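Each of the next two complexes has chain A plus one other chain: chain B in the first, chain C in the second.
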Partner chain A sequence: MSSVTQIAPTPVAPAVTRPRSRKRLRKAGWNVLGLIVLAVMVFPVYWMVSTAFKPGHDILSYTPQWIPTHPVLSNFTDAIHQQFFWNAVKNSLIVTTVVVVLSLVLAFLAALALAKFSFYGRKPFIVVILGVQMVPLAALIIPLYILMSRVHQVDKLSGVIVMYLTFVLPFAVWTLRGFLLGVPKELEESAMVDGATRFGAFVRILLPLLGPGLVATSIFAFIQAWNEFIIAYVFLHTPEKQTLMVWLASFTTLRGTDWGPLMAGATLCSLPVIVFFVLVQRKIAFGLTAGAVKG
Partner chain B sequence: MASVAESGVTPASRRRRFSRRRVGQAAAPYVLLTPAAAVIGLVLAYPLYLLVKMSFEKYGLFELIRHKGRWIGTANYASIFHDGEFWHVVLRTLVFTIVCVSLTMVLGTAIALLLLQVSRWVRIALTTGLVLVWAVPVIVAVNIWRWMVDYQFGVANWTLTKLHLGDFARHDWFANPWTGFGVFTLLIVWGAIPFVTITVYAGLAQVPHELLEAAAIDGARPWAIFREVTLPLLKPIFVILTSLSIIWDFQVFQQIWVMLDARPSSDYYTMAIYAFHQSFQISEYGLGAAIAVVMVLFMFMATLIYLRQMLRTGEVN
Partner chain C sequence: MAEIEFLHVSKSYGDTPAVRDLNLKVGEGEFVVLVGPSGCGKTTALRMVAGLEEITDGEIRIGDRVVNELAPRDRDIAMVFQNYALYPHKTVYENLAFGLRMRKVPKDEQRRRVEEIARKLGLADMLNRRPSQLSGGQRQRVAMGRAIVREPKAFLMDEPLSNLDAKLRVQMRAEIARIQKALEVTTLYVTHDQVEAMTMGDRVAVMRDGILQQVDTPQRLYDLPANLFVASFVGSPPMNLFEANVEGDGAQLVFGDTRLDLGARSLRDYNGRRVVVGIRPEEVREASGWDGAHVRGRVLLVEALGAEQLVHIEIAATPLERADLVDAAAQPPGPSLGVEELERSVTLLGRFDRHLLLTPGEAVEVAIDPRLLHFFDLETGAALPTSDVPAVAGVAG
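Our next item is the complex of A and B:
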């Protein structure tokens, strides 16, 4: 894995014979633009976190306090002492974990079939996979509700998990299939020419190369399951059974415009996703640049 | 990781392995597909059938309790097609989708190209920032924007007033659906850019250097290189991203629903909200299903080209 360490930035127009200083100036210009874009994109997140640390009078001031000069934790304590917070944490963790694990396994198997075998019915299945991606979730809520109430899965985490799984699967299958196809056939073939079995080639060549793909897919499943709102909102009635996102949305209506605790709660709800992202960030970056075997 | 070569394979053993493999190969894909297909069939295909069936039925509270709808033919469709509001909702959803998708694609690609130009540390900072934004859950994002555009203490109103763009003190962005949808557009585009940028950037990294260099040596300008070399190579990625964005933006629901406290006025109805309102709020599940069917058809038409493109790519490999 460590053989590909760093891929140099791709210059679109390599310097032919341009003066060095002018080139450096241009680079500085691009850098400034890049930092402006960064500031604009990140500002809402910064605003959430900084509001979460501000005391009430700093929040409710007509002149915004750009930096929390007197940071407090009271908003966070308010948020976690809000009713049903810990129930919601538990429910979200259960749902997310189960969905990630199951979807990874199911999607990987299906992607393997689609990418590495040619078989009768492959094309229809691809059409189905692509087609169901287009089915709007909001549209399916109606028949799903009818169906789930018939099999007594309304207001149950298991019902929500199965639904999440289904909505994660098409994209997961498709992404993994893409990654599988991205692995050059020659690598696998050369392994097989060298005498490895298909399975051996798979374990030694394909699986390590698929690392970024598996990471990307699990990130996707994680985000989908953690962030999903509509299904949880419609299907989980009992407050004890709600997930964090439903908790956060109802927090809004319960406390009106109590922005401090709301932003603290929002920060806490995004924390697992952000931590997860930071942990795999290096791998994402690796996956993004290391995909460049093609060509 | 380990050594690739497996030595000491005689021709005979290799032949045996070959035939065994052939038998395994015939059944293997089906075995691999079964679990995923079962879940998708149960939770997507069957409800989809149910949706179409319900759209031809009278399905209210009574039918919900009885677990059985009453066949009424195309009455639901007739009713929505003769409803002026329905066409307003369709138009509104279409325009909103087009604006959001175009902005997302253009800005996302522009930032991806910018990533190629900046220094390494800026690239790392910007990528990290984008990943951070990507990681923000939608409901959280809605609450942040709701706070930023708050009519009283929101940072948006203060900044716009200070920039002398007008008096925005106590300006309620949602009083007027145009500015309200402007906020929703910003919210959605902001949230969608990271995915587009990071995917396009990954694609850009795969464009062979030699091609770009050759074009540059031939004297092509950067824009021409982008249009003639990069764009055609990245076309599959663009088609995929655009269609996914259409799919995601066309069914916009939660942003509007949560931002407006689960009580959006009819000026804010998109197709998803309209269908939801008809079924879960006034218990006309059949009508809601009919709207949802129209929604599915719209999205299917929009992505038909995409489907063809995808199949073509799928066939090549």
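Our next item is the complex of A and C:
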């Protein structure tokens, strides 16, 4: 009996290993491709950061310096001491914070209405929300500029905030609606039968479950508002009112580009987005509705 | 505890009626099951009691209050949903305590009640887990516990067992019935499963297309169905139904080449007309040793169930044409292929002792006791009154 069981697996073994090795090879191929894509994505960021630490002659030398051999911080001090830096920081923070908060509140309420109530014209409204996102922003800048100048909102942060909301809100509403539709309506109903008001059920049951959706939306709004350049560049003329992205452009002048401080400034500008993302990203991964209902 | 009463309640979505003129009273502490095929309006009726659905017409009372305009939270009822609707971001403890917290029950009282319920339902070790960490059966018990802990005036349950596997369902069926008896809470329970309805309810209300068909105890529903729909819906396997002529001044039933003497059960008013005849599978008997009419037929299929066997027997008779009067799921199987000598045939389902040896293709004779037959009007589907209500109806369980 034992001899039979020993013999049996032997002829099967090579047949199993061949497809397995082919599988491994294919996997390695995908991994290499992944690494190449990663390198292409990461290299500009690396080049920005490394350039920020290089002294001027290293930056302009014909043989590229892959690693800053004599790292300096002078580019950063130059950037910080550049005119209007702190103004730009303040302006960017104001614009971004207001856009994130307003878009979350407005989009949540709008998404709630779209997902949970039926009203006349709901479907066309949803289509419009999707449709407006397809219009290229560049095509809208001139008409919007005329519109905003009529209501005296050019060269004002409030004007830029309204502009940003026009393209952050449709996306945010659409995303949050999707998350809201994913929450079974029985959860609210159960809360209402258990003694909560309709509003109480929203706040106690729906809102906590929407965490990942709200985080995703806020990251999007933050990145959009913080990184936006064209609108800010067109709408904000006065140097004191410019945001960080417009301020970065001030390193490029008619006499040339001051690469070191520009890269240092760009590095500094990217930090808040990364910090914000690290702070909130844990919430995204956690699928909160798991286990609500029998799957 | 309180009564629940529907008074001429109707509900329509636009022009589509979901519930029509429903009158039903669930007595204090009573367990009433609303049963019917999907889309019959039973869940809508339940949701109207909960306040999750507006009432188009009529009145719903809980206790002595008309609740039509009352918000769900003010009705003091608890509901168990089909998909349990546990709050996924809250622990089992928080789920159980949610209703108490909403009603501002003091903290230590909350703790005492939640822990007591958790102990009773075997959830004491799981109070800190989240619903995603529980099995289906455990989630179901949390959903039950959340209803019980509130000590509401009434329980509303919307197919609470339909997401469980078959074994667990049988177990929880008994469990829920036991809990309801122990707590004596008025309960309205919705299901599409007639076995659940029959085993759990003090009374069963059968609905179809938004209309209440019959309300009665499970046994009376089985023995004296009010119409063809109830007859075909209640009972598994369903009642055998076929058409027959009434002759001989209402004393004889003729189908195929069979002439059945009705004895004392006269259908005088239907003399010369066609009626629908119904017989439960367990009343179809092997002929030897039985009086009454013998019907010749042929075995089509034998299904062994262990303790007994279900035998499909083809007999000569006219199948019931009015499919709209019966439960769609209980349609009798069609005639077999290649049976030329039987012009119109009906498959009679019989429940026989397992020791009876039958093989497909074999010719058999079965006995039908006219006292156990059910008669229905061919046009309306209503049960026909005979001059003699079967005295042996009690046997039919």
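To be clear about the criterion, the second predicted complex is superposed on the first by the 222 of 295 C-alpha atoms of A that agree within 3 Å, B and C clash if a C-alpha of one lies under 4 Å from a C-alpha of the other, contacts with A are read in each partner's own complex, and residues count from 1 in each chain.
Note that a residue touches a chain if its C-beta (ideal position, glycine included) is under 8 Å from a C-beta of that chain, and two chains touch if they have at least 3 such contacts.
Computed from a predicted model, the values in this text were never measured in an experiment.
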Exercise. Which partner, once the models are overlaid, touches more of chain A's residues, chain C or chain B?
Worked result: B
For this session: Determine, under the contact definition given at the top, whether A:E189 touches first (chain B), second (chain C), both, or neither.
Result: second
For this session: Classify the contacts of A:L209 with the two partner chains as first (chain B alone), second (chain C alone), both, or neither.
Result: second
Exercise. Touching A:I230 in the superposition: chain B (first), chain C (second), both, neither?
Worked result: first
Exercise. Should A:G200 be classified as contacting the first partner (chain B), the second (chain C), both, or neither?
Worked result: both
Problem set entry | Intersection of chain A interface sets (partners chain B, chain C) | 190-191, 194-197, 200, 205, 208, 288-289, 291-292, 294
For this session: Please name which positions on chain A make contact with chain C in the complex.
Result: 184, 186-187, 189-197, 200, 205, 208-209, 288-294
Exercise. Of all residues in chain A, which touch chain B in the complex?
Worked result: 1, 7, 9-14, 16, 27, 30-31, 33-35, 37-38, 41-42, 44-45, 47-48, 51, 59-64, 105-107, 109-110, 112-115, 117, 119, 121-123, 125-147, 149-150, 162-163, 165-166, 169-170, 173, 181, 190-191, 194-198, 200, 204-205, 208, 223, 226-227, 229-230, 234, 245, 248-249, 252-253, 257, 259, 262-263, 266, 269-270, 273-274, 276-277, 281, 284-285, 287-289, 291-292, 294-295
Exercise. Once bound in the complex, which stretches of chain B touch chain A?
Worked result: 1-2, 4-7, 9, 14, 17, 21, 25-26, 28-30, 32-33, 35-37, 39-40, 42-48, 50-51, 54, 64, 67, 111, 113-120, 122-141, 143-148, 150, 152-153, 155, 158-159, 190, 193-194, 198, 201-202, 204-209, 212-213, 216-217, 221-222, 225-226, 230, 244, 247, 250-251, 253-254, 258, 261-262, 272-273, 275-276, 279-280, 285, 288-289, 292-293, 295-296, 299-300, 303, 306-307, 310-311, 314-315, 317
Exercise. In their complex, what parts of chain C are in touch with chain A?
Worked result: 50-52, 71-73, 75, 77-79, 81-89, 98-99, 102-103, 130-134, 136, 139, 146, 150, 163
